[in-house]
């Protein structure tokens, strides 16, 4: 049991080493995020009211788009260098690897974003009482995106030709998520029920993800 | 003890090999030989059960394999035919990661000794991407020492190595066998061991 | 009805079926075109643009129908392990996509004179657009994944998940108030449309159905042939 | 001379094989573009007026995203597999390779986007008299992004210290370009002078790009 | 004719090799030998002028090198130590790309013959990512035939190859030398040529 916990910690240590040296990817993402916000401000004009009305939607879309930016790194590098295989031989089932990878994607890729959301709120004139709801929905949403990303990135291992397809699949599945989360911020009365729906989606995805990703990784290893 | 019984493998509907049987017990060196494309790498992957044999069965400690797979994994070190070290990190960082991943209890002194023997000690803080091919291969082989398992499965461990290093590795294998370990590897080169068996593919 | 789930039976049965179907589709198309251009009245509001309906509505129905069929076959394939389902899925998806595209194009051609824009983002139109994208993704998955088993499973699962969109397309006009026409013809009770418009509509619908089935038969047969040779 | 032309054509043939395994890859690109627009619309809301105001910003963001998405493929794969070196040994200087790569990025990554812009105009309710100006500014803008992308991707090959320079500063460079181009659509009077500024920027970048990228590639080859 | 005169190289302020001099004329086989990390790969890259020698000079046809570099490139085929074929494409597609890139006038019949000799003919439509390591290496070496240049520079051309293939490659080298070509390669293995020189690093 103790050894098991140690394994998990060590996995995250490894991911940390991997992602930190690729820190420029995270930076690229964040820069993309802010530049896009600027683009919108310039194209709308600094009219405060429309801006704060649209702000949440814009932030959501940007979150989604930039998490598709990092899809390629999700499994590809480790797969190509056979490191997924080595991890597996150290007693982690592919399903377990998928879970850990998803969590580490959330920690190392999504969280830097979540941190920058309050700043985005300031720039976009979102009122501060909404920030709490916003953050909660974003945390749930980005966990969902991590799960979707894991599934589609593992599917992309089987498909060396068309890597955008993974992004497209993630995006079409995230449409309902976006609809719900936007609803959360606009209709404040039904906050709890909508959050519950989001949590429901998250739970479903979180339990489907290991099996789907694990199966894909296994198949990819057999074919390569 | 690992036993293969009449194992055959198909990939994409073509037969790769057929009716391979052998036993890998402790203290033995098995060498896989065969032409390019004869299926050495595939056989090793089949032993690891990454590829499912199309017929025949593999036994580990008397039980049929997929059942006791994690116990099996717990007793082997596999070093494949392509480098797995992380290129953007230094040798030392890679070793640290491997130590953590395999929860190895080996002390750092011993690793340093091995590094010195392999003439890698001066490059400890060099990134893997700036090493020569042979140096990378030697770094890979270090995993054998770090993980400290009983069964070693290796795919072409001697490529890119110079004659001195080949001899060091050979001696390591022999020593491992004396300590009841066992080694299975594929190679195109003729390496002389005091006691070994060949499997022709 | 075994031929609907067994590739060999299908192959034999479709050989006898294909000729009459070809004749039927030509006849119905001919009649339908004549009726819709010469024997149907101009609408008192819409003028002669109403004739777009005879293309728009059948293709809209068929795009939904095709997806529905694909969902059924996905269930058959996944739950009852009938590989014929996978064959149908990969053969029929491009046909459905084409119908959807026809529906969208004819709809926007109709929308320009009626609503003043080519496109609005109401629930009906948006959900049809999503349907079209779903079709496209199904096609792409079929083209990009090399491993056949993976490809089939992924497609079938994707089709099933995407079928959530079907009721949204169908009932969006009832659930939300939109610009788009609510169901007038396909209402369960009594259709509220003039019979002189109903006739060409029905003729065209049958023409589309037969054409669709013919193409589907050809595609399924080639798919079966391909699989035989690859295996 | 004739052989030289042949070399260029063959280079593009190779790039074609690398980038597109078939026509459906281009279609996937376009689909990606449209789904992104969908997602914007789902999150912003279908109000026609705001949409047409935001439209140009949306399209710009997506253009920026697509060119950052493909940055990794720009030189990295060919560099890692030593193919850049092989091309060089076939008589192409690194500067020349950079020019050809930039053009092929424009052709195989940006053009599929540009083709879909007229349709995007329809669904985003941009009035048709603007389409010509819009397309002109997008063609210029995406050429500029290709040049910037080439520079940043080649800097990323050096990756060890210069990553900040690589991705982020180049993205920041794209801000003035975008501001100008958005201005082009909104202020119709000064159209010509703004276009001229864009052309100026493009010319500067187009002449700087080969030297900058070529030097980076050469340095990267020495250090690797 | 390629002449190296007292060439030395530093990388990251450490000396890699010093005062290397040799001549590569037509009809000759030069073999670079040396331990791992002794600088064989670096020397070949220096000859290609990808690395600038820290002292000494390289002459091509009597002129100092960086001046006539493109003429030099026009006369060599370099095959490095890692595969350059595009993994997502088939063998045939790769060959087609190489033919186009090098504007080679070789007819397809000849390539097919070579493929048959190398036993790759059955895999023509298989993707490179599903080939075995030795098969990939043989595919790489095909570039020698396609480009049809006079000078061949190779970095460890025999790794991963089985004995038969090594012999075929060796014969190809010998034949090339008979036709006034010349070959420079690095290797850890001992390959017997009828006439060759060794350079120790």
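The letters A, B, C, D and E name the chains in turn, as written, and every chain counts its residues from 1.
Definition applied: a residue touches a chain if its C-beta (ideal position, glycine included) is under 8 Å from a C-beta of that chain, and two chains touch if they have at least 3 such contacts.
This one's a predicted model, so the numbers in the text were calculated from it and none came from an experiment.
Undergrad: Provide the labels of all chains in contact with chain A and in contact with chain D.
TA: Joint contacts, listed by label: B, C, E.
Undergrad: Which number of steps is the smallest that gets you from chain B over to chain C via touching chains?
TA: Tracing touching chains, the least step count from chain B to chain C comes to 2.
Undergrad: Quick one: which chains contact chain D and chain E both?
TA: Correct list: A, B.
Undergrad: Most remote chain relative to chain D, going by C-alpha centroids?
TA: Farthest chain from chain D, going by C-alpha centroids: B.
Undergrad: If you tally contacts for every chain pair, which pair is highest?
TA: Top-ranked chain pair by contact count is A-D.
Undergrad: Can you check how far apart chain B and chain D are, centre to centre, with Cα atoms defining each centre and the answer in Å?
TA: About 45 Å separates the centre of chain B from that of chain D.
Undergrad: Roughly how many whole angstrom separate the Cα centroids of chain A and chain B?
TA: Those two chain centres are 37 Å apart.
Undergrad: Hey, how far is the Cα centre of chain B from the one of chain E, in Å?
TA: Their C-alpha centroids are separated by 30 Å.
Undergrad: Got the chain D residues that touch at least 2 other chains?
TA: 21-22, 24, 28, 31, 35, 38, 42, 159
Undergrad: Residues of chain B that touch two or more other chains: which are they?
TA: 88, 130
Undergrad: Could you list which residues of chain C touch at least two other chains?
TA: In chain C, the residues touching two or more other chains are 130, 133, 137, 140, 143-144.
Undergrad: Please list each pair of chains that are touching.
TA: A-B, A-C, A-D, A-E, B-D, B-E, C-D, D-E
Undergrad: Using the touch definition from the top, list the residues of chain B that touch chain A in their complex.
TA: My answer: residues 48, 50-52, 70, 73-74, 76, 78, 80, 82-84, 86, 88-89, 93, 97, 100-103.
Undergrad: Hey, which residues of chain A end up touching chain B in the complex?
TA: 3, 6-7, 10-11, 13-14, 17-18, 21-22, 81-83, 85-91, 221-222
Undergrad: Report the residues of chain A in contact with chain C in the complex, numbered from low to high.
TA: 155, 158-162, 165, 168-169, 172-173, 175, 216, 219, 223
Undergrad: What part of chain E is in contact with chain A in the complex they form?
TA: Interface residues on the chain E side: 87-88, 129-130.
Undergrad: Write out the stretch or stretches of chain A touching chain E in their complex.
TA: Spelled out, the residues of chain A in touch with chain E are 160-161, 223-224.
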